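Letters are used for the chains, namely A, B, C, D, E and F, taken in the order the chains are written, and counting of residues starts over at 1 for each.
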Amino acid sequence: MAARKEAVMNQIRSELALANAQELMNKTNEKCFAKCVTKPSTSLSSSEEARTTCLSRCLDRYMEAFNLVSKVYIARVSKERLNERDSV
Amino acid sequence: MAARKEAVMNQIRSELALANAQELMNKTNEKCFAKCVTKPSTSLSSSEEARTTCLSRCLDRYMEAFNLVSKVYIARVSKERLNERDSV
Amino acid sequence: MAARKEAVMNQIRSELALANAQELMNKTNEKCFAKCVTKPSTSLSSSEEARTTCLSRCLDRYMEAFNLVSKVYIARVSKERLNERDSV
Amino acid sequence: MADKFDEATQKELSQFVETEQAQARLHQSIHTFTSMCWDKCITGTPSTRFSRSEESCLANCVDRFLDTSLFMVKQIEHQREQARYQ
Amino acid sequence: MADKFDEATQKELSQFVETEQAQARLHQSIHTFTSMCWDKCITGTPSTRFSRSEESCLANCVDRFLDTSLFMVKQIEHQREQARYQ
Amino acid sequence: MADKFDEATQKELSQFVETEQAQARLHQSIHTFTSMCWDKCITGTPSTRFSRSEESCLANCVDRFLDTSLFMVKQIEHQREQARYQ
């Protein structure tokens, strides 16, 4: 029974983690395609080096932005919760 | 039984009303943040007065726009329904 | 039993086909309204001819774009699947 | 858990849910229109009231969008009919 | 199919699901903020690091958006109270 | 209500639903790509046909977006491997 419970919990956990990673990947692709592929031409290879450099940096920056936003948002939510508790 | 039925109906009603109010609030925040906070700086307080004036007016205008759109949309839907009935 | 099975399958098929057609219609309306009705005035009839010409062409082009995108996307997905199979 | 509702009540409730869902879809359309027409018509900084051109733009935006939708449906039907007689 | 979970386990699982759903909503908010603040703050071509102004814009964007939300809620409550005493 | 389907039919139906759902996801991707590539490639007023540059832009847009997705996945795997051997 306990093993089956753990199995259910692990499945839920990994489904949500997968959905989160996919959403991050989708957003990154969307933003970086918009930034680095302004005029879609026949292949990435014409100015391929410039493109892949842009995409690679954009990926790193988007992950950095996501981490920064997480940090600031979670800090703020915690602060607001403390304020609420103090004001009761 | 009748009391329990009423309770179920009231719960559904208030859940939908809440979802509607939240959607309106989300849209208002999104639109007014875009209009009034063009370059996010360290605090709302630097030119805070200008910002809060802008936000407060934007809130009123967005609510007014929502009400106007509702009125026009519902009037039009009713008119189309009448036309349909007449053409049958 | 077999008839009931077919009925269930047909219902699912037609629900999904309807959802797909509605999504295509919604997107077309959104894109073509944005392109052809830049400043909404009291009626479509002021420069109505220009508007309806624009809307009618836009509808044809959006359908053409949808078909082109489908063709390219499905061709690419099939190609990637073959590559995957070959590399195993 | 409590007893289930009898059949008549279940029917009434499912009708109630349907009406409420139709209402929710109506609200959703109004949210979508408000958002789209706000972006199209309100381009300046919010003021204490709408200008006359902003207000008429908002109202016309809804009507013109619905005109567009109706026109598109007719256009598609028209094309289908033409295709059938060829 | 296997036997159902006992009542205590069902309760634990439903609490677990609730916590995980709250976590998922938190992540969804972070995705939305990252997307919105990226569009607002990162206007140039991506470089090997953020400029100082980009980085502070991103951090401030989140805080200013939350300030905006709180301000709006207070404003609405204020208007309701005024309406009540008129 | 009618009797339930037997086990074989249930299995067949659930397989059918899965295939149809995969089809629906495919259609959803096509809607998303059409919308995104339309905005990127069709900047002028609609004409009686696409210009050659519009048409090639649309086709390339899909392929370049899929290139981008594949590149990103490889890049992430590459970074993970590097992190593992450090």
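The criterion applied here is as follows: contacts are C-beta pairs under 8 Å (C-beta built on N, C-alpha and C of every residue); 3 or more make two chains touch, one makes a residue touch a chain.
The chain list, named the UniProt way, goes like this: A, B, C, D, E, F = Mitochondrial import inner membrane translocase subunit.
Bear in mind that the values here come from a model prediction, so they are computed numbers and not experimental data.
Common neighbours of subunit B and subunit E: there are none. Note on connectivity: the fewest steps through touching chains from subunit B to subunit D is 1.
Chain centres computed from CA atoms place B at the largest separation from subunit F. Taking the mean Cα position of each chain as its centre, C sits at the greatest distance from subunit E.
More C-beta pairs touch across one of A-E and A-F than the other; that pair is A-E. Centroids built from CA atoms put subunit E at 28 Å from subunit D. Rounded to whole angstrom units, the spacing between the C-alpha centres of subunit B and subunit F is 33. Annotation for subunit A: residues touching 2 or more other chains are 32, 36. Each of the following residues of subunit F touches two or more other chains: 37, 63.
Think of the chains as beads on a loop: from subunit A toward subunit E, the beads read A, E, B, D, C, F.
The residues of subunit B lying in touch with subunit E in their complex are 25, 28-30, 32-33, 36-37, 39-42, 44, 52, 55-56, 59. Subunit E makes touch with subunit B in their complex at residues 36-37, 40-41, 56-57, 60-61, 63-65, 67-69, 71-73, 75-76.
Interface of subunit C with subunit F (complex): residues 1, 4-5, 8-9, 12-13, 16, 19-20, 23-24, 27, 31-32, 35-36, 54, 57-58, 60-62, 64-66, 68-70, 72-74, 76, 80.
Partner subunit B is touched in their complex by these residues of subunit D: 2, 5-6, 9, 12-13, 16-17, 20, 23-24, 26-31, 33-35, 37-39, 42, 45-48, 50, 55, 58-59, 62-63, 66.
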